[in-house]
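Shared between the two complexes below is chain A, which has chain B as its partner in the first and chain C in the second.
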Partner chain A sequence: MKKNILKINKSTRNNMVTIGLIVIAYAICQSMIVTGNMSNLLQNLLVSLCYYSIMAISLNLTVGILGHLSLGHAGFMCIGAFAGAFFSKSMVNTIDNTFIRFTLAILIGAAFAGLFGVIIGVAVLRLRGDYLAIVTLAFGEIIKNVLNVLYIGYDKRGIHISAEDAMSLNLDESGVVIVKGAQGISGTPRDATFTIGVILLIISYLIIVNLVNSRSGRAIMSIRDNHIAAESVGINITKYKILAFSISAALAGVAGVLYSHNISSVQSSKFGYNMSIMILVYVVLGGMGNLRGSIFAAILLTLLPEYLRFLRDYRMLIYAIVLIIMMLFNWAPACIEWRKKFSFKNLLGSVFRKTKKEV
Partner chain B sequence: MEMLSVKNLGISFGGLHAVDSFSITVNKGELYGLIGPNGAGKTTVFNLLTGVYKPDMGQIILDGENITGRSAIEINKAGIARTFQNIRLFNNLSVLDNVKVGLHNDYKYSSIAGILRLPKYYKTEKAMNERAYEILEVFGLKEEANVLSANLPYGKQRKLEIARALATSPKLLLLDEPAAGMNPAETDELMETITLIRKKYDVTILLIEHDMKLVAGICEKIFVLNFGTELANGLPQDVLNNPEVIKAYLGE
Partner chain C sequence: MSFITYLINGISLGSVYAMIALGYTMVYGIAKMLNFAHGDVIMVGGFIIFTLMSSLGLSPVLAVLIAIVLCTVLGVTIEGVAYKPLRKAPSLAVLITAIGVSYLLQNLALLIFGAGSKSFTSVIPVPAISLAGGRIPISGETLVTIPVCIIIMIALTIFIKKSKTGRAMVAVSEDKEAAVLMGVNVNKTIAITFAIGSALAAIASALMFSTYTNLSSTSGAMPGIKAFIAAVFGGIGSIPGAMIGGILLGIIEILSKAYISTQLGDAIVFLVLIIVLLVKPTGILGKKIQEKV
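Moving on to the complex of A and B:
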């Protein structure tokens, strides 16, 4: 029984460390802003660090925990971004309280993305491996392209949707066009702040780790490890696949809402497979199933290209080379050994051991 | 008292009748052995009984309940649990968590309770841990509870698979070559474990095995399968001395 208590402590301790690191990083950033030591470049990136981190940990739920490769994750972010922005822009004069409006926008973005997660999940999760990857890629592109031609507006009579142009919405004089095809939604209130981003990141993180360390999480991981054996012990495979996939999608939706409320305009063309692949790179570099690693990788790889701007045309070339080097070193056995030797835990552990001896 | 009653079970793959009019009756509490040469269709019978394959014909009755054609999940819920010829553990989960996955349908709380860490979560997890440790103790795996199951030695992996199957509290346990790849000492230990779990869990067992020492040692009845059909069926001494059986195993 004693060992068991230790084990629970270990996973909780791990989570505390991650959340502690996020809070410390947040405190450092805030103090830098207050003292004026942070460059404008970095200040503008702070919220994007949060939503890319949320994207990375949510994709890790599908790829690392459920073990299914998804290449359409940006699609769910797109849905969240549009649903949230649509709500905020329509309600900007109705709901004055920014906090309530933005909270509702987040819930709506998450709900829409989660709903699409369920619908797409039901359709695609009977596939596995490469086939699933291709189909999710296709769905991601479908979402992007449909939103690219969509015009949505409302007037007294209700919401009007058209796939042609703003004129064919047939709005009366009270009408407002919100989604303008390829131009997307502009003029969204900029409600997202670094503080809210960090809070959402911590909440998303807690949702995922609590899910993983529960009955449902074990079921999800058992499907990843051996779906035939999981079925033989009575695990409802379809249910848990869709559960994991839709939670992952809903959290991507949250990241999307954060995105669309950070910059005041949002276009669907931003959410192509480039972004999906980029998020997957965060997950792979950070380690499958390793949420803390995903956050680190997301932050590192978002900052890197910005700091390489001085290289001008060679920027993405160098970025690619750095990425290759990081991948190689991150998983090289010698490097893992080195990390273990000089890990925080080990260093702290040796300090503790010394103090214990001295006492 | 019949626990399992199978009548005229059959399945074909293309033109091959893998299992053909297979009938068996296993009484409650019995330990039945299913033997036969390689390719006789033993594992196919297990796959039919557990819903991995849907039978083309025949009927499977478990404890008075017709479970023919049901899915693997429903059949497990009805009370059949199994192990696999090639071990199928959840390799990246700890030994304890492997058993807890087996307890999934007996100890329930919603995903929301898990995510929000409601009191129900703590209460159920505690009860689950107690039950899981209890099962692990029977199999002598308590010390390894927090080891990754992939890192267990082979013999213990086999045991863990049985432990996980038993965690689903089955009425009928199907063991597919539990002693495969084990050395004689491990096989002896396995025989003891099987005897122990029969006493402790009141479970009926049907097992496939090639190790004749184990089969003759613990099975109360033996069914011999050859080319998908019954070759012999009955008490061990009769079956194992049957000239047909010897011929099927050793050739003429």
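Moving on to the complex of A and C:
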């Protein structure tokens, strides 16, 4: 028995643990819902935990595994959310089966976001470091601003797009306006459920893990570690950068579809730079390149402000302070030393065996 | 409104951006970190001036001076408490800490001053004039903003080129280790940089909120991002770059809002930035980074 476990390699075992944890958490949540032990507040949050987790692991692919700081990840989520919601809302009477409609919406959202990922990736990935960060921020804001003024509707003659108002779409009497500028899309069917969210999270996780453990994944990580060395051994840097970036964008699109089908109305102003930053905080706190950590951080930091609600007006203040203290605790030299001194290992060690005297 | 009026308004807005961008670019040049809380220092400056003038009835000049002092103290405190312990940490960790500080300042302001936006009274008691027989109106705020910015930029350039502290700042930004060997106190130099940047932010807040009078806890965020973009535009780390970048950004923003679309003005600014960076990947005056293999 023991031999069999050892045969599975380390990363596979690691992934099985993560997926196992997700499934266990899911089972606990479901049993709590069935037995009525879960508060309404938490029930409403369940789907958002899933899409923030997907956002966190997909951004981790860009930031942690590809090694490029991206501050515009919410832009891809925005594209996914709008593309998916547009499809669902226009097809709500045509396709009755919720499952098929939602699956198609997810594929469409992912495809659109991935497409934009390729376009933006081709344009920006030759920049480096902070310049790349600021350009992704700029793209995120452009996506938000443009969708904020767009009016899109359709009638028998096809799809009409306008940047002015609903009247200038020139729809005939069969026409429906779907995207209404700053109001966004409302009345999307609420197809997203916790179960679907968890399944999508697991699928996204598997996609990223499989990518990371493949030949392409090793190429991507070699670019992160030293792009010159990677290039000199014949790795096509541009290709792998765009591959990672667009997969990350497509998964963000999936999260966006989940988002827009969870709350049934979606405005582009929600996907500003603040959301991108929030996702980045999940990734950094969870550990760069550590997918399980990203999921943990996303769940923890989404729940934290909700559970701090009793603090009322002080809750975001406390959140900010907790954030600063966590970073200081993680990285300040004095804290690192303190942690080493009082770590579990050391404390246990001092109990069970004599500490060696330092020379 | 004629083209020239828009242009002058653009230069005026741009010089405010330039002053904020100087704070970003100097800190980046020296500490190699993106200080995301810088925009919120502007907001704090605005609220300090607002409170001093409306509740204590101080004169505008005194209020601005006190705001400069308090913002300087705030900047140095933030640096000492939140950034100094993280000097050797990865840059992303520092970035997240800066974001935490930004949230902290915004929520403090939200708690103290409430969610509604305040109407800022102009600190500039200069009447508007009009040139060319009334065809080119120029507001008093613009009349003061542009010269103030020019004076500050000249003073800052002289300070950096001539004074010992200024040259220490250049030395630290060129090579930290070598600067230490030459006897430069790196921690002190970084603190001074934060002090100058925050003082500039306070002046910028007085000028900016006099023109755009809406003051709320988040009103520092967007100018902050734009100034950051201006700094990148000009080549981050470069002081003349920040000035040029800021002024260009202001002009582009006002002109595109006037002639293309009010709502898409921000998007156009970002688009121009992307195009500039694609042509010159390190900004207008940025240094070319040579990588050793």
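The working rule: the second predicted complex is superposed on the first by the 319 of 359 C-alpha atoms of A that agree within 3 Å, B and C clash if a C-alpha of one lies under 4 Å from a C-alpha of the other, contacts with A are read in each partner's own complex, and residues count from 1 in each chain.
We adopt the following convention: a contact is a pair of C-beta atoms (placed from the backbone, for glycine too) under 8 Å apart; a residue touches a chain by one contact, two chains touch by 3 or more.
Owing to the predicted nature of the structure, the values given are computational and were not obtained by experimental measurement.
Colleague: Let's test your reading of the overlay: on chain A, do chain B and chain C clash or fit side by side?
Modeller: On the shared chain A, the partners fit.
Colleague: Which partner chains sit in contact with A:G217 here, chain B, chain C, both or neither? Use first/second/both/neither.
Modeller: After superposition on chain A, A:G217 lies in contact with chain B alone.
Colleague: When the two structures are overlaid on chain A, which partner does A:A163 contact: first (chain B), second (chain C), both, or neither?
Modeller: Once the two structures are laid over each other on A, A:A163 reaches chain C alone.
Colleague: Tell me which partner A:I228 touches in the superposition: chain B (first), chain C (second), both or neither.
Modeller: both
Colleague: Going by the contact rule set out at the top, does A:A123 touch chain B (first), chain C (second), both, or neither?
Modeller: A:A123: touches chain C, not chain B.
Colleague: Counting only touches as set out at the top, which of chain B and chain C does A:I134 meet: first, second, both, neither?
Modeller: So A:I134 only meets chain C here.
Colleague: Quick one: classify A:V281 as touching chain B (first), chain C (second), both or neither.
Modeller: Only chain C is touched by A:V281; chain B is not.
Colleague: Quick check for you: in the superposed arrangement, does A:V23 touch first (chain B), second (chain C), both or neither?
Modeller: In the superposition, A:V23 touches no partner, neither chain B nor chain C.
Colleague: In the superposed model, does chain B or chain C contact more residues of chain A?
Modeller: It is C that touches the greater number of chain A residues.
Colleague: Quick check on the superposed model: minimum Cα to Cα separation from chain B to chain C, whole Å please.
Modeller: 7
Colleague: Taking the contacts chain A makes with chain B in one complex and with chain C in the other, which residues are shared?
Modeller: 228-229.
Colleague: Under the stated contact criterion, what part of chain B meets chain A in this complex?
Modeller: For chain B paired with chain A, touching residues are 50, 52, 71-73, 76-77, 81-82, 84, 88-94, 96-97, 100-102, 104-105, 107-109, 111, 113-117, 121, 124-125, 128-129, 133, 145-146, 164-165, 167-168.
Colleague: Which positions of chain A touch chain B when the two form their complex?
Modeller: Contact set of chain A toward chain B: 1, 3-4, 6-7, 207, 210-211, 213-219, 221-222, 224-226, 228-237, 243, 289.
Colleague: Enumerate the contact residues on chain C facing chain A in the complex.
Modeller: Its residues touching chain A are 28, 34, 36, 82, 85-86, 88-90, 92-93, 95-97, 99-101, 103-104, 107-108, 110-111, 225, 228-229, 232, 236, 261, 263-264, 266-267, 270-271, 273-274, 277-278, 281-283, 289, 291, 293.
Colleague: Inside the complex, what are the residues of chain A that reach chain C?
Modeller: So the residues of chain A in touch with chain C come to 63, 69, 123-124, 126-128, 130-131, 133-135, 137-139, 141-142, 145-146, 148-149, 163, 228-229, 273, 277, 280-281, 284-285, 288, 313-314, 316-317, 319-321, 323-324, 327-328, 330-335.
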